[in-house]
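The chains carry the letters A, B and C, assigned in the order they are written, with residues numbered from 1 in each.
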Amino acid sequence: MGLYHSLIEPFVAYGFMRRALAASLALALGCGPIGVLLVLRRMSLMGDAMSHAILPGAAIAFLLAGLSLPAMAFGGLIAGLCVALLAGLVSRATQLKEDASLAGFYLTSLALGVLIVSARGSNVDLLHVLFGTILSVDGPALALVAAISSLTLLTLAVIWRPLIAECFDPGFLRAVGGGGSAYHIIFLALVVLNLVAGFQSLGTLMAVGMMMLPAAAARLWARDVWSMMLVAVAIAFGSGLIGLLASYNFNTASGPSIILTAGLAYLGSIALGGNGGLLPRYFPRPHYHTLPPEPAE
Amino acid sequence: MRFLAALFLLMGTPAEAAPLKVVASFSILGDIVHQIAGDHAEVTVLVGPNGDAHTFDPSPADAAKLAGAALVVSNGLGLDGWLDRLSASAGYAGPRVVASQGTTPRTMVEGENPKPITDPHAWQDARNGLLYALNITAALVKADPANAADYERHMQAYGMTLAMLDKTIREKIAAIPKAKRRVITSHDAFGYFGAAYGVTFLAPEGLSTDQEASAGGVARLIDQIRRENIRAIFIETMADPRLIQTIASETGVEMGGALYSDALSPPGGPAACYLCMFENNVPKLVAAMAKN
Amino acid sequence: MDGQTVQAAKPGAAIAIRDLTVSYNRVPAVHHLSGDFGAGSLTAIVGPNGAGKSTLLNAIAGALKPDGGSIAISGIARRDIAYLPQRANVDQSFPISVLDTISLGLWHETGAFGAISGTGQLRMLAALARVGLKGLGPRPIGSLSVGQFQRVLFARLLLQDAGLILLDEPFAGLDTPTTTDLMHLIGEWNGQGRTVAAVLHDLGQVKQMFPRTLLLSRGCTAWGATQLVLTPDNLAAAGYAPGPWTGAR
């Protein structure tokens, strides 16, 4: 009875808990795979950079439309896309690698945003207004996150082969005329889209956290990209579920609870992960005396 | 010759000399002083509209305001203890009046601290407002006897208005069945109002202004609203408006709107004067309680 | 190794290089080079480090734009070029299996979005067998040795079924058995009529297996039959120290 009361009943009795769980699932499905690709392309800090880069877009939207959340989210999306795309193009066309070009653009964008906000003389903490919390996800916000997740999964499925090729052997893709840059741009657009939707409905900590922590943890378990993504989605959704239950039963803040759970999963993966974690290194299993049989064709 | 003498007499009267410099600790007191004193006084308010007198931290500029004052008006009851320290540091030795003199104090529990403290929000009872006005009038008369007649006159008018207001509030609230007179609000300032006019004010469970909301907290608040079956809810200052909206839609209750309790609104706002504050709050409370 | 042939005959490309200049930061790596790779030829490109060999291959493959002169490729479609760059460009730590890696070789069949057909699957397995990696399909490439990974890349080349095959230092760091195996494969490709050009450092291998040679260096550029190009004088002018394999007495 106690178990039901703590674990199942919260979702039965409260609409906001059900929506929060659904939002966790949608977010996991969208951000998990994207996060895995970011980790593999060594762009893991992009999420945090993006949370700053969207400021001028939100600021300009605020100047034009006042404190309208859809307008500010849209402005933020445009700004984020510009920064991501410019950074991507510059890293392709010049000596600068991804990290330096992104740093350059997002910092410039942030400064521009601060300038616009302070020139207006307003004291409103725009970014604070823009970022929500998972407990306040309503119908439209949930629909938005779900739609973006679906779009993400669909797009990834379609451009899967060139995207993966572009990740690990871009030279080959260029040589066969695959057009690597276009897929990179599409990928960046997906990243920004998922992040901005995440910021707006769930807050910056949750959006970036759900994207990167499960992906980093999954790296230590899976041996190919496809299973990495599955593990990442599972960890992300699991963190959402456990974090929400913790927030319900122990009265802790919801966003941080979810992300801390993901963080624990990450630490656990470092310790125990089958693919490069610490446990196999310090407690290795006995070696094979004869070669294991090769798998059948 | 007599004409010139009359002229001199006129010029010599100190009546239109520089107005009396009065410093009030917060906006509600400032308004009452202004109602009584009219043009005779220049009122400076330390904690302005929408300000928080509980946590006010005076600056050297505020000390300067005290320096030239002829009268300092404080609330007392623990609201503006910082005023004593400020007066000491400003070297103010002039007349002071505690507006709540003569009121019957109540106790309250503030925040997480279980130990009861004196509830300073005496002004939320209109009869106490009358006492405030009387105390202030007496102090003004003492500090500026020349204009005593005007002060007394204004007090008469104001006192009648306050009495009328008190009566109106009672009537409006009495019109609501006793069982329905329950309100959930994050403002902890309505103790005197509740006692005077027969309304029960409950604090919202589970949410707090300084902490980020937890799922458990939101659930408890929803439980409370459902359990107590209260539809009069005023919590807009407590949390992100979207969270408030979530609670509203989950419980099917519409939020009651903005109440003013600890300070007036800026001029032009819905509660720019002491009377206006009641005129804003009471209809909202009544409308919300009627839905209970 | 399985002797099964994976591919049929294929017409090779002819490449005409005229007055080609390709530079990095205005310093010409390839400077006014002219010559021909005949259709179906097997050419070794040799020379000291930094002489522009990789640059030349990059330019032929279309990855670098020449500053001057021209590269005319005839006999095949522009896309029908298989290019094996130096190993450093591929991220071997990426979590992908051998089979998925070589499946990219079927790009010209599937494009970016097409599925791999049944014959495609069979060809992939046959290619793996041909390079001696039978059964290693599911292995992640990160677990392969240098020699094994190079075989994987050759399997991919096999699947590309190209008319022009460009190889940049394909045997760098490989053991002799692997080198011999892959050299046989190159011979097979040439036997099928494909044009092959490879940058190599082992002059002995070049003299043994490659009928034509392009010697690229600051001091001497020579292009033609191997025994005419790799003379002791040319090699000395190119900067090679005298030794057993340069043929100096």
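Just so it is clear, contacts are C-beta pairs under 8 Å (C-beta built on N, C-alpha and C of every residue); 3 or more make two chains touch, one makes a residue touch a chain.
Computed from a predicted model, the values in this text were never measured in an experiment.
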Shared interface partners, meaning chains that touch subunit A and subunit C: none
I'd like the most central chain, judged by C-alpha centroids against the all-protein C-alpha centroid. A
At the largest C-alpha centroid distance from subunit C we find chain B
Distance-wise, how many Å sit between the C-alpha centres of subunit A and subunit C, to the nearest whole number? 40
Between subunit A and subunit B, what's the gap in Å when you average each chain's C-alpha atoms? 48
Roughly how far is subunit B from subunit C, going centre to centre by Cα mean, in whole Å? 87
Two-or-more-chain contact residues of subunit A, please, as numbers and ranges. none
Can you tell me which positions in subunit A touch subunit B when the two form their complex? 10, 13-17, 20, 132-133, 135-138, 244, 247-257
Where on subunit C is subunit A touching in the complex? 61-63, 78-79, 81, 83, 85, 89-91, 94-97, 100-101, 104, 107-108, 110, 112-113, 125, 134-138, 140, 156, 160
Touching residues on subunit B, where the partner in the complex is subunit A: 206, 211-219, 222, 240, 242-243, 245-247, 249-250
Once bound in the complex, which stretches of subunit A touch subunit C? 40, 158-159, 161-162, 164-165, 167-178, 219, 222-225, 228, 294-295, 297
